[in-house]
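Notes follow the structure.
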Amino acid sequence: MDFLKDPLKLAADWLIGLMTGWGMPEGVATGVAAFLGIFVLIAILMVIDIFLVWLERKVVARFQDRIGPNRLGPFGLIQPFADIIKLLIKEDITPANADKVVYNLAPMLSMMSVLILWAIIPLAPNILGVDLNVAALYIVATGAIGTLSIIMAGWSSNNKFALLGAFRQVAVMVSFEIPMVASLLIPTILSGSMGMNAITRAQYPLPFFILSPLAALIFLIAAIAELGRAPFDMGEAESELISGYNVEYSGMKFGMFYAGELLHAFTFGGFWGILFFGGYGLFGLEKLPALAFLDNVYINMLTLIVKAVIGYWIIMWVKYTMMRIRIDHMLAFNWKFLTPLSFALLIVTALVHALAKDASPWVYGLSMFLSNLVLGWIVVEFLRRYSRAEREKVEGPAKPAMEAAGH
Amino acid sequence: MTTAQIIFLVVAAVTLASAFMVVTTRNLIHAALWLVATLFGVAVTYALLDAGFLAVVQVVVYIGAIAILFIFAVMLTRKEMRDQGPQLNSGWWISALLAVLTFGGLVGMLWGWRGMDTLASEMPVGFDSINALGDALISPNAFVLPFEVASVLLLAALVGAVYVAFNPRSGDSRK
Amino acid sequence: MTTETLIWLIPLPPALAFFLIVLFTNKNKALSHTVGVGAAVLSWLASMVVFFRALSVEHLGEHPFVSSVNWLPTGDTWFRIGVAIDPLGAAVLFFVSITIFMIFLYSVGYHNFGQPAGDHDRKGLPPHGATVTDEHGHQHVVPSVEPMYSRFFAFLGLFAFGMYTLVVSDNLLTLFVGWEIMGLCSYLLIGFWYGKPSARAAAIKAFMTTRIGDVFMLLGIGLLYSLTGTLNFREIFGNEELMHTLATPGTTLFGLSLAGLIALLLFIGTVGKSAQWPLHVWLPDAMEGPTPVSAMIHAATMVSAGVYAVIRMFPLLSLDHNTMTVVAFIGTFTAIFAATIAVAQNDIKRVLAYSTISQLGFMIAALGIGAYVAAAFHLVTHAFFKALLFLGSGSVIHGMEHGVLHTGNHSVDPQDMFNMGGLRKKMPITFWTFLIGGFALSGFPLLTAGFWSKDEILADAWANGHLAVFITLATAAFLTAFYTMRQITLTFLGEPRTKEAEHAQETPWTMTVPLMVLSVFAIGYGWVGIPEDFPLLGGLLPSWFHEFVGGTLAEHPEVIPFNPVPLTVSLVVALGGLLLGWLYYRNVNSAKEDFFQIPLLKNKYHFDEAYQVVFIGPVIWLSEVFTKWADQGVIDGILHFFGPATGGIGAFIRNKIDLPIINEFIGDGLAAVTQETGRTLRPIQTGRIQQYMMLSLVILAVVGALLYFMLGAGL
Amino acid sequence: MIPLSWYLIFAAGLFSLGLFGVLARRNAVAILLGVELMLNAVNINLAAFWRYGNVADMTGQVFAIIVFAVAAAEVAVGLALVISVYRSRNTVVADEIDMLKW
């Protein structure tokens, strides 16, 4: 039954036992086992990534009233493999005046920044790389590496479009890091920990998207900006910058950027699920005596992956329905709206937490939800006034409907 | 030699080598990237010291913000980017001498110190350094005042930097 | 609103009116007089409320309305200022508020409100009239509106404020403040037409003369305060021990008691304010002001204030017999002295001015013989009928000016009585009211207020055995009746002596209404003071005034028993004077025919000239001498010596010390050294940050090494 | 296990390298890079002293964080100055920015 409860430990123990049996020192054996675990994880991720390409193409086709890939295999499932093969056999071009080392390092860093995120994702209570006690910050830290990879790519290509794209993308990413940190601190306050497992556990019985819907929303927006996907795709902006920071890349190097982006989106979908939708938990269903069979490692993993796919789908949904926002509007949106809002939310949450933490969970949850609601209402009201004022600035003062009707 | 010692030595060597590249490399973008490497090394050092929070903050603040800022600054002062002239000034050998002297002096001073060979005590079981750090930062009995002063300093620096770097001409032309 | 609060508020509206008019409504004549008259109405209403509430209080003298606040810290205690209304205050408030209100109203008509602006009127001069063209194309000259109309009401408001403050004060200091505000306003109002040199001179004269009295009064106040530590009337008079100490005779100069000295000093203030001899000279000249001002100053307020102050201080005054004698003498003398001058005056207002002086003398004399209720009674009745007379004379002059404008002959003086005559047909209301006022002044028996009050003074003098006072006052009363009848006869009776008098016109309602109102009081007010045991009339009406005002003092003054002698005398002098005056002057048609144009009287006993020679001349001479010798000679000489001397010393210091030593050696030398040092050290400052840092590190290394090797041995 | 001295010597080396950078580099941005190295060396010492001293006493970590804040502020202002100077003088060579002299 161990295999059902803690398969990772079982496998590791088996491997280490096997290797020590071959005469390896235990330390080395542990290291090799850990390396193998990482290797397997990455391999699985890469396969998932391939299907993400298919998923993305299929979904965008449906959004755009097309069919999407449908020739190769059932539902076009073989299509992404064909894409990979095409990318692999393409000529690998490095521009003449490019800074070669940096140029080649950038896509690797880009992919790496996504992959190391998986070190802290708990697929199940005991299926995770490391239960880091600063995991929430870790998410931001890997974002910093992604930022670095983009600026490296943009600069080393020796192409003005690439550099411009990198500049814009980096400005956006650095800016949206702030509301992201603030929104990450809200699960931290609610759960009292930055660890992913602790945050997941704290969401029984009430997931955090009920306690703090605003934080979930802010995190989603900041994540999309961090990903550089539409409507915040400043770095690529096909119509303006050709393809932004990765314009000079071709073949598999481009593929790494591309796959990295898709995987990144999927990963953030997963984080959204972990931080606000109860992670591998089934919203408390598995705690019911009648459904105890759901409290199972595989069900947990499945739950999280489904949540991640749903998150990914929402990110896609946003991407393919929204128009690109102008860079100055975007930065203004961040600095003048999202950042103050996230700080206000942080303050409100901290206050409510300090006041209501000793009350019953339901009172606590209700007061959190209501405080979010009130703050949200204030924000909407403020936005309404502001947009009306802006409209009047352009169109002149609005006439009351009655007057216009001639009464 | 234990594994930890090997890891430390490797990290220290890489870090110092990167630092050396930072101060000697011609290309400033490369220097900034080497700085990133150095900072990574320092972050790993923090991790080795069980200061996980510092390690992550090092990455967030230094690599995510400061290094990026450096790269931006280098690009904004682009005339120097392909400067093929000497990157060190004429008195560089005095500087080198002084640096070596400093290093020698520091090590020499440390040599006679009794605490040099102290080994780290085990981390207490159940001790959460992040909780302790958070308490220390906002506890009135500990460091809330320096913490607040630091935040005010950051704000002042932010405003000052915006003011200093703001170009009134470009600001006008946008309107 | 409590009565005390109301009393506080009484002086306020005129003061507010003053500021409002000066600051805001100055440009708008209608608004200005609305504000001014409105303020007078408000104060009048408040005064009436206070008066009638005071009437309803039993024994008001013992329990007056009082209210005070801390004002000035004096060591451990506070100097308190406040308001108080006792029976005397209430009676005075009654006539003051009515006359002030009437005068405000009268001013509207007197300054020709509603008439066009003058053709060539200038500020500071009386209006000269305006030319208008009627619908038939005829050109008329009509009176023109006063150019400084608003200013007049502002001044009047301030004046009223001063008077009300004086009346409601419970202490000498605020009384003095009100007193001085009035002094300022009388200066401003007498010199209202400052374009006329005579008005300027009169204003200065009035101000300077009253100032002499005020200085003594201030001395008296200071002395009183230093002795008693308070200036509150009730506190001083209610403290029997203190009064007894003050009354100890012979402690100061001239053998006066302290009380006597204080009373005398305060009395000198009154002499100035109420224009008693020898400080009477300013009052006739004050006729230069507009006629409402004359009424205001000489009937209603300022001169009354002097008498009021003495009545207020009567308990103190009565402590010393010698002071009483002085007061009685001055009052009596002034009464007869002014009356004789009045006989010889031709200016309608001047006659009234001397008449005022004379009547004030009556009051002062009454106080001097202890008849203080009689003095207060005469004060009130006199205020009414004298205001009536002044306003009536103003009305006459106004009518005459109309005639002057009609004929265009500006050489005719509209104030000269010999230019009038027969005005009773032209100005019937003015005539009848003037007649009432004149008869009241003369003491026409039984009907008029003047008879009752004057009779009471004479009766007091007779009853208390002051025979000299009695005879003198009787003579003065006779003269009063005589010159009053002379005035009436010359002005109103007979036929017009000039064309201007023929064309005189009755004045507008704003002027005649006050006349009528005041004439009611000029008759009726006497009836509240008919003695109880007067034959036939006594007892028909209660002798209210005596009861009421008499209650002000702690000991109620006794009622004098009725005596036929003074009654007979006053009947004879009044009726005789009137009869003689009519008989003689109905035949006199010009000044030359007048027997009483005696130069000595005409020239007012040469007092002005005497003062010119004795006081003013020497002062001017002294000032000139001082300017020439002391200022130009001594002080300028000293200055002229110091100038070159300082220059010489300065030149020496500069040439021998400053230039060679300070400048060249110390100054330039230091600069040169500094410059040279700077030039030598300058290359160190390269402006290169890294060199600085390197240098400081080298120094740090050297110092560290030195420290290490020198101290390290000991470590 | 690693003795404290290793960390201290490592920090001293980093500090000296940073010092050399500050003193010898011509480019003002590079000077700031050197400053960052020195600050990091200090931070290593702070963290090491925390770990090798009383772990419950968080002074070392707290000061490390304050040094982070100071470093961020210093870089922001320093780079702003460099950019400002570059705009007006068209150079970032420290030796050429020597207006402030005799």
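Labels for the chains are A, B, C and D, by order of writing; each one numbers its residues from 1.
In this section, contacts are C-beta pairs under 8 Å (C-beta built on N, C-alpha and C of every residue); 3 or more make two chains touch, one makes a residue touch a chain.
Predicted model only: the values in this text are computed from it and were never measured.
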More contacts between chains, C-D or B-C: C-D
Separation of chain A from chain D, taking each centre as the mean of its C-alpha atoms, in whole Å: 34
Interchain centroid distance [CA atoms averaged], chain B/chain C, Å: 90
Centre-to-centre distance between chain D and chain C (centres being mean Cα positions), rounded to whole Å: 88
Geometric centre distance via CA averages, chain C-chain A, whole Å: 95
Multi-partner residues of chain B (each touching 2 or more other chains): 53, 57, 65, 72, 89, 91, 94-95, 98, 102
Chain C residues counted as touching two or more neighbouring chains: 690, 694, 697
Where chain D touches two or more other chains at once, by residue number: 19, 23-24, 94-95
All touching chain pairs, where touch follows the definition stated at the start: A-B, B-C, B-D, C-D
Interfacial residue positions of chain C with respect to chain B in the complex: 690-691, 694, 697-698, 701, 704
Partner chain A, residues of chain B touching it in the complex: 3, 27, 29-30, 33, 36, 52-53, 56-57, 59-60, 63-65, 67-68, 71-72, 75, 128, 130
Of all residues in chain B, those that touch chain D in their complex: 2, 4-5, 8, 12, 15-16, 19-20, 22-23, 28, 31-32, 35, 38-39, 42, 45-46, 48-51, 53-54, 57-58, 61-62, 65-66, 69-70, 72-74, 76-77, 79-80, 83, 86-89, 91-92, 94-96, 98-100, 102-103, 106-107, 110, 115-121, 123-124, 127, 129, 132-133, 135-137, 142-143, 146-147, 150-151, 153-154, 156-158, 160-162, 164-165, 167
Contact set on chain D toward chain C in their complex: 19, 22-24, 31, 94-95, 97-102
For the chain B and chain C complex, residues of the former touching the latter: 89, 91, 94-95, 98, 101-102, 105
